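Dropping the structures in below, format is structure tokens.
Below are two complexes that have subunit A in common, paired first with subunit B and then with subunit C.
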Partner chain A sequence: MSPVRRIAREEWRALSRDRVAMLGLLLLTVLTLVAALNAAEHRRTADAERGRYQSQANDEFANQPDRHPHRVAHFGHFVFRPLNPLAAFDPGIDAYTGHTLFLEAHRQNGANFGDVRQSSLLLRFGQLTPAFILQVLAPLLLVFVGHNCVTRERESGTLRVLLSQGLGSGQVVMGKLLALLGFAGLVLLPALLALLWLAASGQAAWAPVLVLACAYAAWLLLWSLLVTLASTVFRRGRDALLGLLATWTVLVILLPRGVSDLAGSVVAMPTRFENAIHVEREYQALGNAHRPDDPKFAEFRDRILEQYGVTSIEELPVNFKGLVGTEGERRSSELFNRYAAEVFDLQERQNHLVDQYGWLSPTLALRRLSMTVAGTDLASFRHFLEQGEQYRYDLVQRLNRLQSGEITYADDTDPDKENRISHAHWQAFPDFHYQPFPVDQALRRAAPAGAMLLAWLAALASLTWLLGGRLGRAVR
Partner chain B sequence: MNADTGNAVTASAVDGGVEAGKGAGNVLEASSVEAGYGERSILRQLDLRIGPGEIYALLGGNGAGKTTTLSLFLGFVEPTAGRVRVDGFDPVAQPVQARRRLAYIPENVALYEHLSARENVAYLLDLAGQYEGDEAIDRALAAAGLQGSAFDRRVGGFSKGMRQKVAIALALARSVPALLLDEPTSGLDPQATSEFNRLLDVLRDRGIAVLMVTHDLLSAADVADRIGFLDGGRLLEEVAADGEDRFNVRALHRRYAEQAA
Partner chain C sequence: MSWLIHELRLILRSRLSLCALLLLLALAAAAVGIGLHEVARQHQAIERVGPLQEQDAAAVAARYADTGDPGSHAYYTFYGTWDAPSDAAFLALGLRDVAPFVLRVRALGLQSQLYEGETFNPELALSGRFDFAFVLIYLAPLFVIALLHDLVSGERQSGRLRLLLSIADGGSLWRRRVALRYALLFACLAVPVVAGMLLSGASMAAMGVVLAVVASYLAFWCGLSLLVAARNWPTVANATALMGGWVLLTLVLPTLANVALTRAIPVHQGVDLMLAQRQAVHGAWEIPREDTMRRFYDSHPEWRHSAPLPDGFHWKWYLAFHQLGDESVADEVSAYRAGLQARQEWTARLGWLLPGVSAQALLHRVADTDLRAQLDYQDRIAGFHREIRQFYYPYLFEDRPIGARDFADRPVYEASPGPSGSVGLHALLALGLCWGIGLWGVLCAGRLGLR
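So, the complex of A and B:
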């Protein structure tokens, strides 16, 4: 057996007698399993619930009686965002964003009913998910278990004995690292099994599951390197522990939190109310699409008359009210989309700023990668909103076209007529089906964060190699 | 003859070098070595040569540079000048090769407390690539004088003497050409010291070069072939054993006391 493996085996033997290590491992394993089961159950329940509600909303929309199409447009429709299967592993920002959109004419509503707004304050503190446990708690356990892997030898005097057997100091450090990696593997195992189960049961694609597995393995490798390095550099175990706890606090807690706050102050976002006021002001300036004689639509009317070669709207072969509704919806949607895009662009600028700090805190890089691959990041949420908006726009415009094609202008302007059309029209409308990002696209978006993690790994591995090789020189 | 000690002085570092040990080649060799920690100079122009089957005792007061001399051969301290060799290997440039030819027993023998005597030796032999089964280990432990009932006991409860026996057993099992001992008899009672010195006789008979740094003049006089006096990082004087009485202990003691003063 090679000296590196022999040292690792002996370190394992020492770890197996270490109550803190064994109890910590047991606790973390139980926590991860409970979190995985809980998250999977939550996802299953939420998904079933949303599916049921979606089906109910589809039925209610389709089963409207014969009525005026514009009433149908104002009756509205609900669409629900299905949960990505990997949200059970990393819910990302899902708990903070809404998952229900109410679609109606002339309005672009935001998503509602985020879990956080409906839950206790405990959820705001942090959800107990496999991702949270691996990102936050697992490094802490590695710190407590491994901080003295080399300092213990130094403090007890056995380091000199080890080295005097003809070992290279790099071999000693590698042996310690290998043992800690084995321990980290056990820490990762429950989450890994949960991930593999998601893929094997056909709920999630293999590619993102494998990427997540590799990313979290890299994350624990990174911490194993950091812990071994600190234990190599510090003379006393107590100093290594303090140094590592400080590092954990900064990298895992303070920097991610501080950088988010910093991004919020550097790239300021308008409040929801400010935005609503601006939108409403511009919306009013667009004209009232319910009134065909609104002066804001005069130019549009002239163009239509010219297009059809007639001189009055009464002569048009189509219902001008429906055309105005179509034009009004086009204008208002452009306005809504512009504001929505501005807000999303600001949020993406904030995210981009936060992402750049991934070079300083690998936690940020891992979170970005994990959320992106799990489909629970901002881009995925935006993707849902944009699809919902496209569905809303198509739905309202279909109804506007029905109004202009199926009802005459004369009837439509007669207050004594109800102008109902057959419900068969909206029964034929397609249902909303959310299409998540294709896997390859999600993986491509996660690549920069992956590169940051790899850079951290390379830097720490080099440092460990360099300083570990000098271990013998530091022994007195 | 040296008037002060009544023993043959083979050479003085001050006078320009020490003669080689009694073997044909030197196992441990330091030539004009300067070394220290940072700005602090510890060893000055140290010349030391120890041949196979020779026991060399290096005496000196606190801070004389005794432990630094051991660290020099272990490659833990890099000389700023001069040359150090362990069986022909440079401990700084070739630490692994040099350490493979050394066994080292520190003042307080550090062992793995949760392992038994046999497991400690097995583990360290395995790391040195010299594990040849438990029988060989048992033979080494017995040769080192450890009682059979202690082989499977955890070393956490061992006395200093028992720990040293485990370390000696490791050195015996490794068949290394050189052994470094740091204050081996400090804290041992006279009987344990005598037992330890007889063990060193065994090592000498096996052709192992032994360098022991010690305060224990009587033990050094009992077992060493040569005794060197180190002061302020300089090897001031060397005395070789001579005749049946080996050393004039009274003269050595006076010399040592003068130096310490």
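So, the complex of A and C:
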């Protein structure tokens, strides 16, 4: 048996007798199981509820009576954001974003009814999910369990004995690291099983699941290295513990909040109120699409007349009111999308700023990677909103086409006529089907965060290697 | 007093203690600064939207001035409402970063306007704010632990314990040392907060509550540290036990409680009422207009004398069915709010068990940034919305044209000046339990080191 493995085995034996280690491991395992079951159950019920609401909204849309198509465009439609299967592992921003989007003509609404506004302040303490446990609690357990792995030998004088038997100090440190890694493996196991189960049961794809598994394994490896390193560097166990606890507090608790706050104040976000007024102003300048005689649509009218080779809108074979509606919707959607993109870009600038601090706190890098791969980050939410907008645009334009094709201009401008068209038309409308954020794109987006984690790993590994080798000199 | 100076010198000479105290002071000061900055930003935003909203209303008035048509004015004019941060809001920003503090409404159905969200970055909100509540509830206990975990074991491990106990009475020695550390930690937190509250002009009562929260929460953690120290474990075991307690009380148990709470009190009526209100409003186009008017007059007899509807479109019918739409979901609305309030109440009850939750709830109550503050704002919006409707109805139901001068008399949102939230007595009582732990710890201090 190699000396490294022998030292690891001895350390394992010590760990198994350590009450804190065993109690901590037991608690964390129970907690992970509770979190995994709860998160899976929450995802299942939330997704089922949203699915039920979606089919209710689909029914209500399809079961409208005969109506004027523009009435239908104002009746509008609801779409509900389905919950990504991997939200059962890392729900990310799900609780902080609305999941209900109301679609109507000439308006772009925000997603409403997020959990955060419907919860007491308890939600702000964090959510009990497997990701939270691995990100926040697991490193702490490794600190408690491993902070004295080398210092114990040093304080009791056994390190000197080991070294005098011809062991290299690097070998001692490697043995300790190996033992701690074994323990970290046990910590990771329940969450890993929950994750693999998501893939094996066919709910989630294998690629993101495996990437998440590797990322969290790297995360615990990183902390095992950090703990072993501290235990090598500090002379006394209590100093190593205090140093590691301070490091944990700064990296896991303090920096994520501080950096987020910083990003929020460096890149300020306009209120929805202000944006709505600016949009309204520009919208007025586009012309009123309800009025075919609006001068802002004169050029459009001339073009249409020329296209059909007629001299007045009354001679057109189609309903000009519907055409103006189509053109107005095109113009206003462009305007809305411009403003929406501005907001998204501001948000992305904020997130990019936070991401840069991943070099300072690997917690940020891991969180970015985890949320992105799980499909519960802002990009994935944006993906939903954009699909919702596309669906809204297609829906309204289809109704505008119905107005121009099914109703004559003479009827449509007669205030005494209701001009209802058959309800069979809306029954033929396609339902909203959310396409999840493509996995390969998500993986590509997560790559920089992965690189940061790897850089942290490489730096810590070489430091441990370097200082572990020098430990012998310090003792002698 | 010489013991005081002596002990003070001891603390200040220890690099760890001095660094810890200075760091806590810096963190608390930074949190207060960040909070004040954010509150100022919100005040600025509110000041910015006021004139902007006026311009928007003026543009609507100019567009429809010559028509004198009250319906177009009612349909197109938005009204600004705002929820200015309280003087103590900087302490705990709470829901103010995810819920709108400025919202515009118009005379149409309120229920489709009231739940409008705010544009915020959910990833930043997920991390939470770096405010004073965070420093107190999460970080302050860590500093208590750092200063107190080796109170006795440190002396024992350095070999001074026997000597110390032989020249002084153990109980009073430890009590003095803990009291001094407690006072220093309290000062590090209290000085920035008091400065911030004086700057923002918060009331003395609010300041009293906040200081009571800080004092009680610290007392709890000092008491717990003494109780652990009384076990006479080595330093590392003390630190492990205390950190374990901190993780349980601030990270694990609140999240577990949140799981239990969201499961026990599901709140999905929000979506239900939105769907129901839409059906009610748009259904009005399918039924005889006279039926709608009859239903409206039944609940609003003051407009019964209004002339019968003409053949074509009439705005009074349009606004009437919007109001009926709101009224038809009144039950759903109260069920939704009851669910939210139940969540809030159970959180407060949880404060009896978890001091962190209790301190969090109290700070957010004083700051007026919790769920209740949000519901209060919604109530104020609803009240103002009623005024807007009342303003237009005489013109609509009596077929009076609306002139420029009439329009200038339209209601203006008057924010009720909220200095800071009022705190219930029972919430303070829950804090009293913290003192129970604190006193217990002090009582145990006599036994410290005697084994």
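What to note about this one:
In the analysis below, the second predicted complex is superposed on the first by the 475 of 476 C-alpha atoms of A that agree within 3 Å, B and C clash if a C-alpha of one lies under 4 Å from a C-alpha of the other, contacts with A are read in each partner's own complex, and residues count from 1 in each chain.
Heads up, the rule we're going with is that contacts are C-beta pairs under 8 Å (C-beta built on N, C-alpha and C of every residue); 3 or more make two chains touch, one makes a residue touch a chain.
Since the model is a prediction, treat every value here as computed from it, not as a measurement.
With the C-alpha superposition on subunit A as described, subunit C and subunit B fit side by side in the combined arrangement.
In the superposed pair of complexes, A:Glu10 makes contact with subunit B only, with no contact to subunit C.
When the two structures are aligned on the shared chain, A:Gly168 is found in touch with subunit B, with no touch to subunit C.
Which of subunit B and subunit C touches more residues of subunit A is settled by the count: it is C.
Within the superposed three-chain model, A:Arg235 lies out of touch with both subunit B and subunit C [touch as defined at top]. By the touch criterion stated above, A:Glu280 is placed in contact with subunit C alone, subunit B being left untouched. Of the two partner chains, subunit B is the only one that A:Arg160 touches; subunit C does not reach it. After superposing the two complexes on chain A, the closest approach between C-alpha atoms of subunit B and subunit C comes to 16 Å.
Subunit A makes touch with subunit C in their complex at residues 20, 24, 31, 34, 38, 42, 49, 53, 56-57, 60, 65, 67, 71, 74-76, 78, 92-93, 96-98, 100, 102, 109-128, 132, 136-137, 140, 144, 147-148, 237-238, 241-242, 245, 249, 253-254, 256-261, 263-265, 268-277, 280-281, 284, 343, 346-347, 350-351, 354, 371, 377-378, 381, 415-416.
Of all residues in subunit A, those touching subunit B in their complex are 1, 3, 6-7, 10, 13-14, 17, 156-158, 160-169, 472-473, 475-476. Interface residues of subunit C facing subunit A in the complex, by the touch rule stated above, are 16, 34, 37-38, 41, 45, 48-49, 52-53, 55-56, 59, 63, 80, 94-95, 97-104, 112, 115-130, 134, 138-139, 142, 146, 150, 235-237, 239-240, 243-244, 247, 250-252, 254-259, 261-262, 267-268, 270-271, 274-275, 278-279, 282, 285-286, 311-313, 339-340, 343-344, 346-347, 350, 356-357, 360-361, 364, 370-371, 374. Contact residues of subunit B toward subunit A in the complex are 37, 71, 74-78, 95-97, 99-104, 106, 108, 110-114, 123-124, 126-129, 174, 180.
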